[in-house]
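Here subunit A shows up in two complexes: once beside subunit B, once beside subunit C.
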Partner chain A sequence: MADFLMPSLGADMDAGTVLQWLVKPGDAVKRGDIVAVIDTEKTTIEVEIFQTGIIQKIVVPEGEKVPVGTLLAVLSTEGEAAAAAPEAKRAAPAPLVLAPAPPTPPAAARVVAKTTPKPAAPHRVRISPLAMRVAMELKVDLAAIKGTGPEGAITKTDVERAAKAPPMPAPAATFEGRAPAAPPKPAVAPLDRPATMRKVIAAAMARSKREIPHYYLGTHIDMSKAMRWLQEENLKRPVTERLLYSVLLLKAVALAADEIPEIKGFWIDGAFRPSEAVHVGVAISLRQGGLIAPAIHDVDKKSLSEIMVSLRDLVKRVRAGVLRSSEIADATITVTSLGDQGVETVFGVIYPPQVALVGFGKIVERPWASGGMVGARPVMMASLSGDHRASDGHRGALFLTTVERLLQEPEKL
Partner chain B sequence: MTDDQIKTLFLRELHRIAPEVELSEIDPATDLREQIDLDSMDILNLAIAIHEATGVDIPEADYPQMTSLNGCVAYLHLRTS
Partner chain C sequence: MSLDAQKVKITYREAMRQAIRDALVRDQRVFLMGEDVGAYGGCYAVSKGLLEEFGPDRIRDTPLSESAFVGAGIGAAMNGMRPIVEIMTVNFSLLALDQIVNNAATILHMSGGQINIPLVIRMTTGAGRQLAAQHSHSLEGWYAHIPGIKVLAPATLEDARGMLWTALEDPDPVLIFEHGTLYNMEGEMAVDAGAVEISKAAVQRAGTDVSLITYGGTLGKTLQAAEQLAASGVDAEVVDLRTLRPLDTETILDSVMRTHRAVVIDEGWRSGSISAEISARIMEGAFYELDLPVERICSAEVPIPYAKHLEDAALPQASTIVATVTRMMGGHG
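Moving on to the complex of A and B:
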């Protein structure tokens, strides 16, 4: 038997809400399968499982918030007989299955199956994780919504429309399945996600500043070669395959991190654990406020085009509010790039348990002296926030100069 | 394409890229990078969407001309007429 626990998806998470189970007892799963959708204070996460086996029992039902480390489900691993069938049957909570609407609905909308005595012929509601999260925040009853998405799936727009709609004549059940005692309000104020996100970021950053002895380095990098190469490269590419300069920065950071291993990895239980892999966390800001830094995996081994595809996909999913657990949990170094609307310098706060954060300011045209001549060049400030427990300024400086050197030969990236 | 068709296309794609933005509050003359904090990735996605809808391949050097609603209408009008 193996336990599937509420994962810790970063330093800023101490609890999560099970929004949806994508498996039921008896289902075979393999390592890497997405088995559940979990809501944290920051975002919605599709959680992958690390074991291969058969789901025996779902322990935490949908809609419940539990601390990190809580047993969510039990599975039998390979070799074990699926003998626990009777128990699995009893424990089956028929997740996210709504009872069919009653034929004559005096009490209108119905309730999540866990509260109905016998889930007679339940049907699964098709709903996207994002729509599910919004439904939960707005406390909208899913049974009362008619989905307009593919195969009748409920979309975010459907949920929002339902939240705005005037109250049903009969009392509608809330998402949790409890019929409100008072007449329902037309729309419940949504959970203030920016505010909760600010709180969890603050907690993680306070912990970082308390525990990590930061040191800071910065250097100006002449970006004329990189930008010229990129411009020429993009002229050759159709619009769908063009690169952003951030991709060059990510690749340069990943290759430099391969050369200076003290910069990538984790500080856990009083010891530095270097990482072979370079999973680069990319700080992506949300327009409503706050930011998330999910990882692009194995950036050192990817081509620029592959990194670009990953980056586009990641930005899209961050803005839509749905990420995968491995992206959230396993960045081995983080990059924050202020982009062209930002300022020139950033010294970031390391995201524990990582040991370094690389910052890139906006590229600005500046006088640049070289070979006794002064000319105008596009210049970018690169910074490193390092963890003194894992590295020191000398190695950190070597890392930054390696990034600089790599950016002078963009064609080799 | 008529100006209205271009406008509709632009706003539809903008909504897809930045669903939280109230389209009726967009000032058609102001740069969207300043107005609603669009970044280079958003602008690229906008260029890709316009390319897919119209077949016009917008060179990178022309991106600054299409970062406001009015600018985009004028630019595409020029390119498609």
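Moving on to the complex of A and C:
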């Protein structure tokens, strides 16, 4: 038996409301299926399940608000499910055998045991521990991989091969087995979201400023090469596939974070836990007020076009109020761009337990001296808010200059 | 001056003799004792000529009584000497197990930290010379089980030359296991080779595809296997443990974390062996780095046979290492 608990979908979530169940007892689910819609006071989230099995019981009904970690549903894993039926049959005659002669049950019991079919061994994917870890990082569906290791075991090479294999489906779709047909209709009256969201943001940001010793760095970046390249690139693309310059910024941040590992990861229980994957949280403001920063996964490994698709999808779903649990909880670094709003500089507040936040301002034409000449260039202010527990200003500076360097070679992004 | 001019051709036996001679010269408290170490020059001729140079007080022949002369060595160490006790083979050391395990390894503890035993015991180990089942076993893994002693396995000329002095400087008992097939190994060594540290394993060959972890008599076979594997495109790393107790887990894990595959080659028997301990530590420390199960290549679980073809078949060989690694790498090199 496995428990499905109310997940923690971010540092600022203490409790969630089950808006809707997308499964019922008896339904088979597999890892990655979306099983419920949860309201976190900040947004509505489609919650994925991480076990494979059969839903036995729904514990928390729709509309109820419960703390993080509360048992929401019970499911039986595959092996148990297979064993469950014979178990029931075996249980019935047992009292008949045992009741007449309680002192001498062993013989009878032995007979019963012998005739009972052995429960089928639970089916396990043969995969090496390393390959499993890599598969989780790359979000590769194990079912689709053919193992070439001993007795068909999946090795790291197999996973990497599968991850590279085209076409890479849209993000998160790999684990999505049961997407709801229509956007879920809240079963309960929506909460007073703006007010509760304010409270939630207040708690997270107060915690950040209370616990995280921030340091701040900023640098001006000459965006002329990037903007020129983007213009030429977009001319080649159909309108629907054109890129926004934010995509260049996201990719540059992700690649720079790969080079400076102290920037991405989490500070948990007094220690820095670096993350190999770069899931970039994108701060998106909501029309009704407030903001949310869901993650685009593995930005460093995605092409610009893939990032653009992810970004567009994310913004659309944020505005519609439907996000997936994995997007909410696992950003390893966050980017905020307030350029659209017209400001040139933003020094952000780190979203715990992350350890860095990158801010981009508006691109403005400025006099720019280079090689003894002054000219007008599009210039953008990039900033870094770093957690001094995890990194020092020196490494932070290296990170920012790496972002700058990468933006000077946009064709390589 | 060319590099060669600073090197000298030397055998493992001579390197070991240099080490003993150097220790005798450097420290008046050092003496050598064991069966046939004096007049006969040592069963493996390691101490040849030392009796003539240092006299019978410092090169002492003993009766055939391992328990007595190891016990005498412990007593001498307790009283301020720095004895080197030679036991002819590891099989015979079993007669002195009581002295080694119950006394040498425990007295520091039993005396509440008052009495150290700065004793070095050297002995031959291993098979491969058709000496049959009572002179050929590899029991150093047993000794590596015992807290209170250190267990060294010099597999190179440098370690044969350098480990003894460091062992003598250690305030506690150190056992040195010299594999019998190594004495005739000849190679080049720096003329000024001296003491080496004894707490770290060494990467004798760097590689990226698989970690071959071994020590002592199987190091040569493993390096040979690594060269053969290189010819077929498999880049094997060879880790020489050098010290079996305390094990340098860090170096082992560091290697496995880079290669994600490990094979332990150990001339001891598989069941309850040092190779089992190493495999367990890899599982404990690098489980999520492993792309294949750890493999072990050990001796067949039989008394080591006398007949050459049977002895060869019972021991880990370069060909078995190559075959195992090739099977592991399968279609994905």
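Here are a few things to note about the model shown:
By our rule, the second predicted complex is superposed on the first by the 300 of 413 C-alpha atoms of A that agree within 3 Å, B and C clash if a C-alpha of one lies under 4 Å from a C-alpha of the other, contacts with A are read in each partner's own complex, and residues count from 1 in each chain.
Please note the rule applied: a residue touches a chain if its C-beta (ideal position, glycine included) is under 8 Å from a C-beta of that chain, and two chains touch if they have at least 3 such contacts.
Not measured: the values here are computed from a predicted model.
When the two complexes are overlaid on their common chain A, residue A:L235 makes contact with subunit B while staying clear of subunit C. When the two structures are aligned on the shared chain, A:R133 is found in touch with subunit C, with no touch to subunit B. Of the two partner chains placed around the shared chain by superposition, subunit B is the only one that A:L244 touches, whereas subunit C remains out of contact. Contacts of A:G372 after superposition: neither subunit B nor subunit C is touched. When the two complexes are superposed, the chain touching more residues of subunit A, out of subunit B and subunit C, is B.
By the touch criterion stated above, A:T155 is placed in contact with subunit C alone, subunit B being left untouched. Residue contacts after overlaying the shared chain place A:R312 against subunit B, while subunit C stays out of touching range.
For the contact definition in use here, the subunit B contact set and the subunit C contact set of subunit A share no residue.
Across the complex, subunit A meets subunit C through its residues 128-133, 148-150, 153, 155-158. Within the complex, the subunit B residues that touch subunit A are 18-21, 33-34, 36-37, 39-41, 44-45, 47-48, 51-52, 57-60. Interface of subunit A with subunit B (complex): residues 231, 234-235, 238-240, 242, 244, 246, 287-288, 311-312, 315, 319, 339-341. On the subunit C side of its complex with subunit A, the touching residues are 260, 287-293, 328, 330-332.
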